[in-house]
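Look for chain A in each of the two complexes below; its partner is chain B in the first and chain C in the second.
Right, the complex of A and B next:
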C-alpha cells in the first residue's frame, strides 16, 4: 500500500506536469492526471512487487510454463496460454450470438417486447459472476462433457473431454457471460442507424434480412468495439472461470478439452497460500502485471474503435 | 370532399390509361392516433411530373411512402384504401418487386455513407440480382451516374466513401441509385430542399429530361418549383386534397381560396 501511494504521488506529479502542455481546462487536467496516475501506479506496483522474482529469473517467468511451488519454480506461460485459449474461443462463440441477440431484440421482436428483452439483456450483463460460476460447475460442465463426447465419438475421435471442468467449459461459460455485454454495445450502435439511411436501404428493394446485413455493416465499428470490450472482460474474468476451469497449474496444455488455468484464476486460486512460499507472491504479481498490460491494450483498442465509430 | 372527388373524376376522363400511371383511391393513413391522410383520391398520368404541394404536415411525404410501401417500416402506421399501378393494386404485389419499379429520392440526401460511391449505386442491383457479372454491373452503374450527371465528377474516385461527397453530389448519387433500376415511377420527396440554387437547377433540369422515360411524383413545399417543372399539381391541406389540375390552371386560376393563398405565398 505504501508503495502504491508513493508511486501514485510520483506519477500524479509527472502526469500533471505533462498535462500542463496540453491545452484544456484546469479541472479536466486534474481529473485526467488522477486517472493516468492510478493506472500507472497500479502497473508500477505490480512490477515492483514482482521484482524479486524478476531479479532472480529475469523475464523467464513469462515464458516458463512450470509452476512448482515446492521447488520455488514459477512460470505464468501456462496461465497466459489458458487465458488466450479461453478468451479466443469465448469471443468466437460470443460474436455471432451477440449480433444475433442484438438483431433479434431490435428487429424481430414486437415493438412492445423490445424494451422488456433489452432490459433483461442488460440485467444478465450485470449479474454477479459467481452465479454463472455455480451454474457452470453444476450444470454447464456435465452437459458440455456429454455433448462434446457424443459429437467427438460420432466424428470418430473417441471421448475427447475426460472431465467436466476444462478450459473449454470456462470458454463456453465466458461466451455466455460476455454475450449480453457485447450485445448491449451492438444494440446501442444499431439504434443509431438514422431513419433516412434505413429508408434508403429498404427503398432499393432490400429484404428485411438484406437490410439487417447492410445495417450491421453500417455499425461495424460498434460490433468490433463491443467485442473488444467483451474480450477485455473475458480475459479478466476471475471467479466464474476459477470455478470451472479445472485448476491445472502444473502441466502445460494447448488442448482446450483438458483441465487448465488462466492468469486471473491462477491468482485467485493460489493467493490464499502464496505467503507460505518465498517467491510465489512475486510470481502472482508478475501474472497480474501481464494481465494488466494486455487488458489495458485491449481496452485501448476498443475505445479507439468506438471513438472512430462516433465521429 | 365531394367537390374534390368530382374534379379528380374530370381528370380521369381526360387521361389515357397507358403504362405506369398511378391511381390513388380513398387513401387513409394514421400514425397511431394521428390521422395524416383522410381520404385522398388522385390520378397520376404516365410520363408526367405531378407535384404534390402543401404546407408542412399536410401529408405529402406520407403519400410518397405509401406509393412504394416504405410506410410499412413504420410500425405504428395504418393504411386504408388502395393504390393501383398499371391497374394492379400495389398491396397485392411483392413489396420488393414494387420497390424495384417505384424508386424514391429523399429530402435528406441519404447515400449509405460507409459504402463507396460505386457500391451505393451497385448495391440495389446486386441485392436484386438485376445484373450478370462485373462488367454489366459496371456498365449499369456508369449509365446511372451519367444519367444523374455525376459521372464526370466522380469517375476517378468511384471507390471513395459516399459520405465524402458534397450535399448536391450526394443527392445526385441518390438519383443515380434510383435510376440504376430503370424505374417506372420516380418518387421525389423535396429533393432540393437542402441544396443550393445551382444544384437545384441541375436536378430540376434532370427531372424534365427523365419524365420522357418515367412518371415522376414530386413533393415540394416551394410552389415556384412546382410551377417551374410540373405538369400537374395537387394541393394538399391537412391530409386532404384541396385542388388538383394542370399546373398552369391551378397557378393562374385557383378554384379554392386555400390554394390561392398557398400559391401566392400567404399560407405556409
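Right, the complex of A and C next:
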C-alpha cells in the first residue's frame, strides 16, 4: 500500500521535472503544486493520527486541563494557555521595540551604518534557536529571576519568581527572538513610503517626530502584518521555549512567574516516551493539529493584511 | 534604540563564544603533548613555530573527530555531530533548492495566473509553519512507508549495490531504521523550499519588463528564457537565498527531534544520526558539567558555521 505512495511521489517528481524542459508552464505548475500538497498532507496527517483520541474524547481534548498519562487522560488546555500567555507577553514586549528599531534604523542612523545594523538585525533573526535556548537556560533565566525578585520585593509583593525557568523567562526570550523579525517587516514597509509623501509631510512643517508618526500611520498595515507574523512565530517556537519554560505538564497555572508548558514544547518534551502509553501519541498529534490550524489562521490574517498593504 | 536591537545579539554571541571557545581550548590541550610524541629534534629552535602549528592543527583535528562525552569522560570532541550536521544540511539544502527554485520562478514570473496566487499563499504559510510540526509530519510519513519501502525496494537495492560496490555502500543506502538521516534531510528540505521560493520570487518579480521582453525574444523557448537568460539577472539574489537558507537549516533542531533523533557514535546514515543542534539540546539539559561544557563547545562550532554562511551570503549580495 505505502509503496504505491512512494512510487507515485517518485513518478510525480520525475514527470514534473521532465515537463519543465518540454512544457515549461505545466512543469512549473506541477512543481508549485508540491508546496500546496505538503500543507494539505500536513494537516490531513495530523487529523488522521489524532483520530483515535478525538473519537474517544471528542473535542474535549482541547478544553481539558488534565494531563495524566497513567490514567490515559489527556488535555492540552494547559499547554494552550501556556502558549497564549507566553506569546501575549512576548508580543506586548516586542512590538514597541520592533517599531522603535525599525524607525531608528531607517531614520536616525547615518546612511553608512544602516546597512550594518540591517544585516545585524537579519542575523538576529537567522541565529539557530537552540543557541537562544542555551543562552536563556544558563544566562537569561537566573538574571531575570534576580531582577524580577528585586523589583517585586521593592514593590512589596515578596519574591514572586521562585524558579529561573518559567513562562515569563520563555516570554522574554521569545520577545528577543521575534523583535528583529517584526522589525524586518516594518522596515520593508517603511522603505516603500513614496518620496512625494515624505516631502509633503516635511513641506507642511512637521518636525522629525511628527513625520515619523505620520509615516508609521502610513505603514500601519505592515505593522499589523509584522505583528501577526511575529505572533505566529512566537506560538510555534519549540526548542528555545522548551529549554526555558520549565516543563510543568501536570498543574494548570495562569501565573506567568511559574513554570509551565506550551503546545510545541509539550510535543518536544513528551514525544520520546509517548509510545509507552496507548493514547499519548494521538494526544500529541492533536496538539500539533491545533498548532497547525492556529498557525494557518494567524498566517492567513497576516498575509491578507500584507497583501492589502501592497496593492 | 538601534543599539538595543543588537545588544542581545552581542550578548548571546559573546556568551556562547566565550564559554564555547574556552571549553574547546581546554579540550585541545597543549600542542606540546603531540610534540613530545615526536623524536627529539636538534633543530627544534629553528622549526619551533612550524612544529607548534602542526601540533595545534593535529589537536584541532582530534577535537573535530572525537566522540561527544558521556557524563564521566574528560576528553571529548564533536566528530559524529559534525558529520551528521554537514550531511543532512547539504542534502536538505540541495533538495530544498532544486524544488524551491522552480516554485519561486513560477510565482515570480506568472503572477497573473490564479494558481500562482494559491501557490504564493501556500509558500507564505509554509515558511511560517512551526518547524516542529514539519518534523512530526515527516516522522508520521516515514512510519507509514518505511516497512514496505525497506522490504520491496531498499533491501534488494542495497544487497545489489553492496555486491557490486563493496561494503561502504551500507553506510549510505540500506534498510532504513525508524530514525535516519534521510528523514532529517527531508524535514530540513521542507523548511528550505518556501524560503528559497520566496526570495527567488521577489527577485524574478523585480526584473524590469524591458529585460524580460528581451530575454523572451532572444531565447526562443520559455525554458531558456526563464532558467537561463533571466537567471543571470537574478543569480546573485538566488545565491544569497540559497546560502541564507542553508544557514537557517544548519541550526534547526525541532524538525530533527523525531526524524534524526540524535546519536553519540558514528553510525550509518540509515540509522539514528547525530547533529550539533540535537546535541546542544540534549546536553544542555543534563546535570553533568562536562556535557554542559560540550554543549557550549558544540554551540560555538555551530555558530561559526552559521556566521560564516551568513557573512558569505551578505558579501555575495553586496558585490555588484
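In the analysis below, the second predicted complex is superposed on the first by the 275 of 311 C-alpha atoms of A that agree within 3 Å, B and C clash if a C-alpha of one lies under 4 Å from a C-alpha of the other, contacts with A are read in each partner's own complex, and residues count from 1 in each chain.
Rule of thumb we're sticking to: a contact is a pair of C-beta atoms (placed from the backbone, for glycine too) under 8 Å apart; a residue touches a chain by one contact, two chains touch by 3 or more.
Quantities reported herein were computed from a predicted structural model and do not represent experimental measurements.
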{"item": "Contacts of A:101 with chain B and chain C, given as first, second, both or neither", "value": "second"}
{"item": "Which superposed partner A:111 touches (first chain B, second chain C, both, neither)", "value": "first"}
{"item": "First, second, both or neither for A:151, with chain B first and chain C second", "value": "neither"}
{"item": "First (chain B), second (chain C), both or neither touched by A:254", "value": "neither"}
{"item": "When both partners are placed on the shared chain, which of chain B and chain C touches more of chain A", "value": "C"}
{"item": "Which of chain B and chain C A:207 touches, first, second, both or neither", "value": "first"}
{"item": "Touched partner set for A:197, first chain B, second chain C, both or neither", "value": "first"}
{"item": "Contacts of A:63 with chain B and chain C, given as first, second, both or neither", "value": "neither"}
{"item": "Partner chain in contact with A:124 - chain B first, chain C second, else both or neither", "value": "second"}
{"item": "Doubly contacted chain A residues - partners chain C and chain B", "value": "none"}
{"item": "Chain B residues touching chain A - in the complex, by the definition given at the top", "value": "68, 70, 73, 75-76, 96, 99-100, 103-104, 106-108, 110-115, 123-124, 127-128, 174, 177-178, 181"}
{"item": "Residue ranges of chain A in contact with chain C within the complex", "value": "1-3, 5-6, 20-21, 24-25, 27-29, 31-36, 38-39, 41-42, 45-46, 49, 97, 100-101, 103-105, 108-109, 113, 117, 119-121, 123-124, 126-135, 137-139, 176, 179-180, 183, 229, 232-233, 235-239, 243, 264, 267-268, 271, 284-285, 288, 291-292, 295-296, 299-300, 302-303"}
{"item": "Chain C residues within the chain A interface of the complex", "value": "1-2, 4-6, 8-9, 11-12, 15-16, 99, 102-103, 105-107, 109-110, 115-116, 118-119, 121-126, 128-134, 136-137, 140-141, 144-145, 147-149, 152-153, 190, 193-194, 197, 221-223, 226-227, 244, 247-248, 250-254, 257-258, 277, 280-281, 284-285, 292, 295-296, 299, 302-303, 306-307, 310, 314"}
{"item": "Contact set on chain A toward chain B in their complex", "value": "111, 194, 196-207, 210, 214, 217-218, 220"}
